[in-house]
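The same chain A turns up in both complexes below, where it pairs with chain B and then with chain C.
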Partner chain A sequence: MNRGVSSRLRRFLATPFARALLALLLMVGLGIAFNADGAFFRWSVHRDMLRQVSVYGILACGMTVVIVSAGIDLSVSSVLALSAVTFATLTLPMGWGATTAILAVLAAGAALGSLSGFLVARMRIQPFIVTLAMMVFARGLAKVVSGGKKVTNYVLAPDGSSQVVDLPRVFELIDSRVLGGNLSIVTVVFLACVALTWVVLERLRVGRHIYAVGGNAEAARLSGVPVGRTLVAAYALSGLFAAVAGICQAAQETQGDPETGMGYELDAIAMVVIGGTPLTGGKGSVTLTLVGVLTIGYLQKILSLNAAPEATRLMLTGVIIVCAVLFQRGRK
Partner chain B sequence: MTPFPPPLLSLRSARKSFGPVEVLHGVDFDVLPGEVHVLAGENGAGKSTLVNILSGVHTDFSGTLSLRGEPRSFSGPADAAHAGISTIHQELSLVPSLTVADNLFLGRERVDRWGRVDFRSQEAEAARLLGEVGLHVSPRHVVAELPVSMQQMLEIVRALARDAAVLILDEPTSALSEREAETLFARLSVLRTRGCGIVYITHRMDEIYRLADHITVLRDGSRVRTDEARALPPEQLVTSMVGRDLATAGPVGSGPGTEEALQVTGLSVRDTRIDGRALVDDVSFTLHRGEILGLAGLQGSGASQVLHALFGDAAGPASGTFALGGAAYAPRGPADALRRGVALLTSDRKSKGLAPEQSILHSVSLSALAAFSGPGGWIRREAERAAVGAVVERLRLGAPSLDEPVRTLSGGNQQKAYLARCMLTAPRVLLLDEPTRGIDVGAKADLYALLRELAAQGIAILLITSELDELPLLAHRILVMHRGRVAAEFAGKDATKEGILAPAMGHGIGRMEDPE
Partner chain C sequence: MPNRPVLILGLTLALASCVGDGGRGHAGTPDDPFVIGMSQANLGEPWRVQMDADVRAAAEAHANLRVIFKDAQNNSLTQRAQVEELVEQGVDLIIISPKEAAPLTGPVAAAYRAGIPVIVLDREVQGDEYTTFIGADNVRIGREAGRWIREALGGKGKIVELKGLMTSTPGQDRNQGFLEGLDPAANPGLEVVFSGEMEWLEPNARTEMESALATHDPIDVVYAHNDPGAHGAWLAARAAGREEEMLFVGIDALPHEGQQYVAQGILDATFLYPTGGAEAIDLALRILAGEQVPKRITLGTRIFTAENVARGGDPIE
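Moving on, here comes the complex of A and B:
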């Protein structure tokens, strides 16, 4: 009985999930050790950490799906910016209702993702190149939509006069908190994205197909898997989540900034990798990514609580990425 | 006795074991200067092991290897090549993105003391070497743009550039068209007159008798005989390769039904890489319910391409018609073929079958997921697990848990997992390409029994195997393929290994059928 439990525990400790969890616990331990005069023990600190990682985390969900398919999506940061400016433009100067604006932005994000997927699957261009091109293209498109400026509630009327319109309630809503002010809405959105990704990857046929294609595309094709459609679905999902992140970003910044989100794609990739999903595809999960997101979130939070300069933070993040991957590979 | 010159390369009582299994039992082998020495034998006879010893790949063997009378022991293939033994494998080892000259000097570039490569002198020397064998190509040409035959010749030139005394060629014509093969033969005879010793492995009878001065026959890891080619007629060669006839037990269970499962009429598949060559050339046959039809053929016979064409995955432009249970059948792709009840087990489990990290459960259910998913593709996991559990049990796949990754399974069990994936689609026709490749003897016997059971249940099976022993044990009927054509047909119980091997090597059907 006792031995059964200990062997099961040992089996569990050998799983990637246990390793990712251990890394996270290590990080929390560091937080307790360097608690900045007890600041680390206040829930508000954790709440803010969660709020700060949520936009990255939403991107990381889509990134997980694409990486499991043995691809990569560099365009998420630009699609985020495009979505942010589109959302701001639709709701502020154009005065669309929140629901229609959200649906339109989500559809646009998914469409851009599908286009990337189409180029990867049907045109057989490497994912890195396709999404690099999409990254540049979507950033440009964001500047076209916004006219190269930040889209704010300070709008130009047709007669040339400018006026300040009220910020639609949806901005405030997304940037507010629930549960008695203990959880940010963006964090709720992030967790919903995690749940949706989990359902897609673990419970739906398309998820199985994504793993199969990422594990061995030729074998998947010969097993009757529609490889092209599967890849399009994976990139579309990533585009959809980038749009969700873009709306959240716009709400948090109360404006649509065409320059926003620069470099976020690399943070998202780091979170996926630190969680333990390998870039080679066919393996990994969104629960791993959730742990990876929290690990990076705590690292940043602990460093800022202890007033570490930005240079130190960047260098330490680099070191942590390498350590995490080595730890994941661990004793094989 | 003819006074032979002393051998260039001489191997004495070579033994080689892999683990506890000895695969080469004290083989003697000599290569004389200026001769083509053909190494003949079935798959698994020990040819590759012998070649790997000669070329320095296997360094841990017992016995002595001498080159020009001096005992040598090589530290590796590079060492052997340096000593003058060059091997040209079936897979070419050129760097496609580099030029001809770069490839010829790869690893031994002419550099000055600053490490700068003297391209001019390399190109001049390359041009000289190419001219010597009459290969008309610029040293600056990028290798990827050259036809395969030219690349093969380049490998030979590279070997010559290293002053190879002995050249080992492993099935060099398998990727060549007829004309390209002719060029190769012409070059080989030039080399022969220059005193180069050539070891040549081939499955093609016409090549053996065209080129060979001597033939050494290997069987089950032992040398059966070494003879002058003219003293060894083809019939005797085949008998030597096969040895005594094995007792053949026909397939157990009821014979095949008479109900037609699959009809193939005039199937041809063209090769898009090599112009004018047909991978499959006008093949027609009928497969009945409950029948195991064996497709025998040596490498490059086109048998595998027949299976892929039937699965909607032809290697090139295909023509001909199929009928499935009497209805027209023109598969648009693997997914379509599977829907119609045709499943394929490819010969390459690793690269075209399983993803090693996927769980057994997910690997087996992959092709049949549609049957276990509801609206929106939501997978009914209990139904999936039950069905996979049942098929795994039916195939006697021993696995501690369905959730373990497939890489934890033995080769035989991986093959069963792969077969289980096919079976879960409830196929009417099962296409099996080398199902027993890379699995041990016990697992093979198990698989044979399984295939008989499946046939007895009414599934029509088209089976390719290069292990000719298997066919009479399993197949009701056997079609022998050679160069894309059906060269002979046997009833399973009448088949002998010689009977299969001779037409598979192109003996008795001749080249006269070839339109040239």
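Moving on, here comes the complex of A and C:
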């Protein structure tokens, strides 16, 4: 009996999930040790950490799907910016309703993702190249849509006059909190994205196909998996999540900034990898990514709470990424 | 049916007038306006977009000026090529806001030696082979912000400083000037209780401010090195229900950004970091008229608060 429990525990501790969890716990321990005069023990600090990490986390959900398919999506940060300016442009100067604007932005994000997927699957261009091109293209498009300026509630009329319009309620709604002010809406959105990704990867046939294609595309093809469609679906999902993240970013910034989100794709990749999903594809899960997101989130929060200098933060983040990955690999 | 040889001849002439130095030495009349080449380091930053807009607005007031705008997209070598192109095109004067000093010193000097006056805006080049430099003084602007905060607090209070990229000169200068103006040594009641680096970015400022709010209560003033930073801090304070507790002070005061934030009651003060665009056109006209101009012009700043923002702020000389 006792031995059964301990061997089951040992088996659990050898899983990637347990290792990821352990890294997260170590990080929380670090927070307890460096608690910035007790600030770390207040829920509001954790709530703010969750808010702050949510946009990255949403990107990381899509990134997980693409990485499991043995690809990479560098374009998420630019699609985020494009979505943010499109959302702001549709709702502010153009005065669209929130629902139509959100649906339009989500459709655009999924369409750009599908285009990347199409180029990867049908044109046989490497994912790195395709999404690098998409990253540059979408950033340019964001500048075109916004006219190179931040889109704010300070609106220029066609006759050249300007006025301040009320920020649509949807901005405040997304940037508000629920559960008595204890959880940000963007965090709820993030958790919903995690849940959706989990369903897609673990419960739907397309999810099984994504694992199969990521593990060995040729073997998958021979066993009748529609490789092309599967890849398009993976990148479309990533584009969709990037659009969700863009809407959240715009709401939190109360504007659409064509320069926003620069470099977020690397944070998202780091979160996936720290969680324990290997870049080689075919393995991993979104629950691992969730743990990875929290690990990075706590690291950033602890450094920020203690007002660590920027240089220290960068070096520590680098060291911790390597440590976390080594830790993951510790035992097969 | 147009006469084809005439058309070709016309096109050739039109082309010829665009290339080579056939155009050098325009008369400066509405029929033959002076041509000014404006080389901008990049149009990714709103402040630089504003600089081009200021140049354009100032030039449009003069029928005898035409400005060619170039965007170097934050690439020094692109900008170098653009300066060389402008020389080739035979412009009458060059305005350049260089990306960085070293790679652009040579091209600017070459244009200057070729007899084309060069106005250098905002960032400097090395040596003295240019006509005149126009720039603002970040230390001075930071000092004014520090002084304003000291006076607003009456010499006592807790301050949060959200710094720009501290490896950049504007970040260092806005920090140094601020501490000089605040003068905490002579005012022991003033204390910078939290200092975070937000790298000019609004989302980062919000994150840093959340940390400041979690560790310090109360906070009396937030001083951010740019207006988006101050706005991000305000968003964080509002989310915590504490935005009324403190003053928010920013820098840059772009018309569509900082000035709007002040008009909307989000920021309590912002200090203009002037683009020098209008001044450059003024100076260009004087140079083209053969006047001698000073080698170096340092621009003053303006303060915008709720009471003066409608009338365009007040100058601080």
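Just so it is clear, the second predicted complex is superposed on the first by the 332 of 332 C-alpha atoms of A that agree within 3 Å, B and C clash if a C-alpha of one lies under 4 Å from a C-alpha of the other, contacts with A are read in each partner's own complex, and residues count from 1 in each chain.
We adopt the following convention: a residue touches a chain if its C-beta (ideal position, glycine included) is under 8 Å from a C-beta of that chain, and two chains touch if they have at least 3 such contacts.
Every value quoted in this text rests on a predicted model; they were computed, and no experiment measured them.
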Overlay on chain A: chain C relative to chain B, clash or fit: fit
Touching partner for A:48 - first (chain B), second (chain C), both, neither: second
Chain C versus chain B, contacts on chain A by residue: C
Contacts of A:149 with chain B and chain C, given as first, second, both or neither: second
Which superposed partner A:301 touches (first chain B, second chain C, both, neither): second
Which superposed partner A:228 touches (first chain B, second chain C, both, neither): neither
Vertex chain A; arms to chain B and chain C (CA centroids, nearest 10 degrees): 120
Touching partner for A:218 - first (chain B), second (chain C), both, neither: first
Partner chain(s) touched by A:39 [first = chain B, second = chain C, both, neither]: second
Chain B versus chain C - smallest C-alpha distance in the overlay, whole Å: 32
Sites on chain B touched by chain A in the complex: 311, 313, 334-335, 337-339, 344, 346, 351-358, 362, 365-367, 369-370, 373, 376-379, 381, 421, 425
Chain A residues touching chain B - in the complex, by the definition given at the top: 203-206, 208-209, 211-212, 215-216, 218-226, 282-283
Chain A residues touching chain C - in the complex, by the definition given at the top: 36-37, 39, 42, 44-45, 48, 52, 55, 148-150, 152, 154, 164, 175, 177, 249, 252-254, 257, 259-260, 300-301, 304-305, 307, 309-310
Contacting residues of chain C [partner chain A, same complex]: 43-44, 46, 49, 166, 194-197, 199, 202-203, 206-208, 210-211, 214-215, 231-232, 235, 239-240, 256-257, 260, 263-264
